[in-house]
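Going by the order they are written in, the chains are A, B, C and D; count residues from 1 in each one.
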Amino acid sequence: MRTFVLLLQCQDQKGIVASISNFILKHQGNIVTADQHSTDPQGGYFFIRIEFILDKDQYSRQDLVSAFAPIAKEFDAEWNFYDLAQTLRMGIFVSEPDHCLVDLLYLWNAGELKVKIPFVLSNDEKHRKVVSAYNIPFYYVPSDKNNRRESELLSYASNSSDFLVLARYMLVLSPDFLEKYNKDIINIHHGFLPFFKGVDPAATALKEGVKVIGATAHFVNNELDEGPIIAQEVQNVSHKDSRDDLVRKGKNLEKRALGSAVSSYIDYRIIKHEDKTIVF
Amino acid sequence: MRTFVLLLQCQDQKGIVASISNFILKHQGNIVTADQHSTDPQGGYFFIRIEFILDKDQYSRQDLVSAFAPIAKEFDAEWNFYDLAQTLRMGIFVSEPDHCLVDLLYLWNAGELKVKIPFVLSNDEKHRKVVSAYNIPFYYVPSDKNNRRESELLSYASNSSDFLVLARYMLVLSPDFLEKYNKDIINIHHGFLPFFKGVDPAATALKEGVKVIGATAHFVNNELDEGPIIAQEVQNVSHKDSRDDLVRKGKNLEKRALGSAVSSYIDYRIIKHEDKTIVF
Amino acid sequence: MRTFVLLLQCQDQKGIVASISNFILKHQGNIVTADQHSTDPQGGYFFIRIEFILDKDQYSRQDLVSAFAPIAKEFDAEWNFYDLAQTLRMGIFVSEPDHCLVDLLYLWNAGELKVKIPFVLSNDEKHRKVVSAYNIPFYYVPSDKNNRRESELLSYASNSSDFLVLARYMLVLSPDFLEKYNKDIINIHHGFLPFFKGVDPAATALKEGVKVIGATAHFVNNELDEGPIIAQEVQNVSHKDSRDDLVRKGKNLEKRALGSAVSSYIDYRIIKHEDKTIVF
Amino acid sequence: MRTFVLLLQCQDQKGIVASISNFILKHQGNIVTADQHSTDPQGGYFFIRIEFILDKDQYSRQDLVSAFAPIAKEFDAEWNFYDLAQTLRMGIFVSEPDHCLVDLLYLWNAGELKVKIPFVLSNDEKHRKVVSAYNIPFYYVPSDKNNRRESELLSYASNSSDFLVLARYMLVLSPDFLEKYNKDIINIHHGFLPFFKGVDPAATALKEGVKVIGATAHFVNNELDEGPIIAQEVQNVSHKDSRDDLVRKGKNLEKRALGSAVSSYIDYRIIKHEDKTIVF
């Protein structure tokens, strides 16, 4: 018994769900969950995530892909099948702050985050100990290596990982790196995007006297702190909160937003569309 | 162009979604949204809500019902079609506290709650003024009339309303009334069910020193404060909150929980199953 | 028995609390609640709110002011005493959207907002009916009157009100008006300040694909949407939320943020300091 | 420069704040923060927490205690001074689930929880590795030792710790143990007290179909899951949440509620009164 996920997006039109569900039925599948969304049933854009089980092992993911291709072509859709038995490999980049790293390692170790972690890479040597305790390879790449640094990052990341998480990695990745890596990268931002960009949101929050702070997990694109938002967490604050309090509360928000985003990602619950996300 | 909703529940089995979506396609319909849930894809129970538009007026709700009946029989399903153009008639019962009544009337008048309100019925004469200002019939039924009271309630409610909302109606409705009315009744409870039952949750909250309070909107069944929960709202409280503060904060929670529950109900987003609800 | 509030701010220094509490004791007062805050106990700025009761009517607010003046001078403080028995007069300006207006009128009528409402002023004639039903004077001032309009606003507001609430008043008040009115004005903004400024935060939210929306109640100063923030409310949203949904959810946030801000204001719980607020 | 906290409770009466602030001024202290609460300014009960700094080291905690004793006697108060430089020793008891343990260790190691951890004690040998990695003594006490077990617990805990945290310790401590240990014990309960008592709140939540779940940190007294509530965290759930989801979400709530409660405790922000807490 195997579980697959189909993610598909296309112009909204009649018969999409019928075609997909007939396809699954024909392969003796049973739908576990289905979520769909249309920006407008007349002339809008359509998104669907279907999770289904096949009783027997007679069809591989590749079989499904081949059989579905002509159907998808009819609807002019972007789509893919994912085999939930194939555990994704999540590479982690991290700088000095360790709260997100430790949280991800804990969730992974406790079986709550079903990924493989091929490596943790940092410009801070101090994380070696905790990472090595989990028998995960640790790569130290100092921040001053410039171009050589990025090619080193790439050599570590590109073959061994299916996606990257920047668990508070403070160095900007170049467009060249992003293009060559060419897979999804999830970043956690310590502020409430699309605002509070840049390096010190706590100071900004303090200066503006806001009564709520936030954290944002998002995909990385070429613009710093600009990619599609996946998850946001917020918390009330007040005049009582010092800079330290804001940072501490922010850390909790970051852990929650990043954990939630990664969890959605590895369950194939996220569809990217026009710089935004559908998170089912 | 008309919009319909199909709600259906049955034992989970293969082919349900395919059958339904083929049925819709055959009627030249386009699915707007679909939500489904299975308690267990193998041997569990299956629930689905599908909202779809038919381009032409050639099929009535009755046509759909007749055509779908044999399909539903195959799956041994409970099901119904709803025509979203048919506005539901919401009768309101209310006692002394007016916050939920006023909120419902406002939402209705502002077009945010698409219902008809055939009447407001109360054991408190004071609401007549505000209700009448909206040109809604107001029925005053004092609380001391006992059996005669309930038959009077029934005479007002049973033919004119599709469902009832108890917007803080403090009198218990008898099993006999419930049986004779025989349609859905939504109650708002000023506490966090399944606990804080009974008449004074604020006092209980105060006595127990809780740090969070809640309100619960639920369907009414024969047991007081016991029917399936639809929506719950919560808020932090502290030692600073006096009894008055708890009551005031509770009122806001009640308005939000009741508004949310009624909104889900009239959009046919709620499926009842085994004393619980699926709220899509 | 009368209840007074002292609000005071000054450079932090030793002996402030001792001086204040000795002063209250000397007048046979009993402290009900006291809240204080220091930005830094060494060289920072100090804020205090003390609410106290005097058993007898022998001291008026003016007596307290006269007796306290020399003490306050010692600390070089900004300060004032407020008599909680003196109900504040809250003028309301409102444009087309009525949700905040209706909510304020309800809270006032239910005794949950202890203010007087000397008038409601609008550039939309449609509110006359609901306002008049409460026997509150309603002034209609069309938006096209330019300079004459503002002098008319001023003539209505300046003597009759102690503070103004802009309950979704969409017309910008000129610096001249603000200077001549010269009392506090509370505005509700339908977005998460200091961002989402301007006229259509829902559209911005939709475009940016945020997962959380907010509303902000703040004091008005010369910059549009720029004054000190008093209260912010937030709520999760998702791709499912249409523009209408965002507006509807936003309205609830606006009501809650504005209600909370006005409530803090009339209890003298707010101290303004350097474009920010301390809200005790 | 040293920072002290005074916690005091007594019948509300005039002059308490004046006496305390004069006392602090006389010792050349400067108040950092002060929080107070009265259940009723006339005949109620009064609580205060004052944090103050003394510029010089000329007064020890014992000096303050001796000098304040006659003042406190006047008001018939319960009270104590605490020296914030004296780090509290927090013993940890834990059973199989490790999420709270790992979170406390992380917060402690990151300097966010300023305590000493003299030991971790468990009836599960598996925690030895992670605890030892932090160079914290680990004691394994199997659950089947009955009376001998408790005397062993006591021998480990009573002299080395100032308070205990039950970070998901599933064994009930006997009244005899509680009496002999005779210091504060903080427990985390995986449900929304005063309800959801007992062993499996997730199952109860699932069965009742609630839409919100909670976790509660509270002091331990003789009744199981009955002591004064310190902190509660809540989260929305829905029909989509499986038992595993509820457990996982519950774990996050437990970590947050316990972390918050311990943080308040070590800052001396909690006053116990009549089976409830004042948390400043």
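By definition in this document, a residue touches a chain if its C-beta (ideal position, glycine included) is under 8 Å from a C-beta of that chain, and two chains touch if they have at least 3 such contacts.
Keep in mind it's a predicted model, so treat the numbers as computed, not measured.
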Furthest chain, CA centroid comparison against chain A: C
Copies chain D and chain A - interface residue numbers shared by over half, same or different: same
Distance from chain D to chain B - Cα centre to Cα centre, in angstrom: 42
Centre-of-Cα separation between chain B and chain A, whole angstrom: 37
Touching two or more other chains - residue numbers and ranges from chain B: 37
Complex contact set, residues of chain B against chain A: 12-18, 21-22, 24-25, 28-38, 41-42, 53
Touching residues on chain C, where the partner in the complex is chain A: 37, 192-196, 208-212, 214, 228-232, 234, 238-240, 275-279
Interface residues, chain C side, partner chain B - complex: 98-99, 102, 106, 110, 112, 133, 248, 252, 256
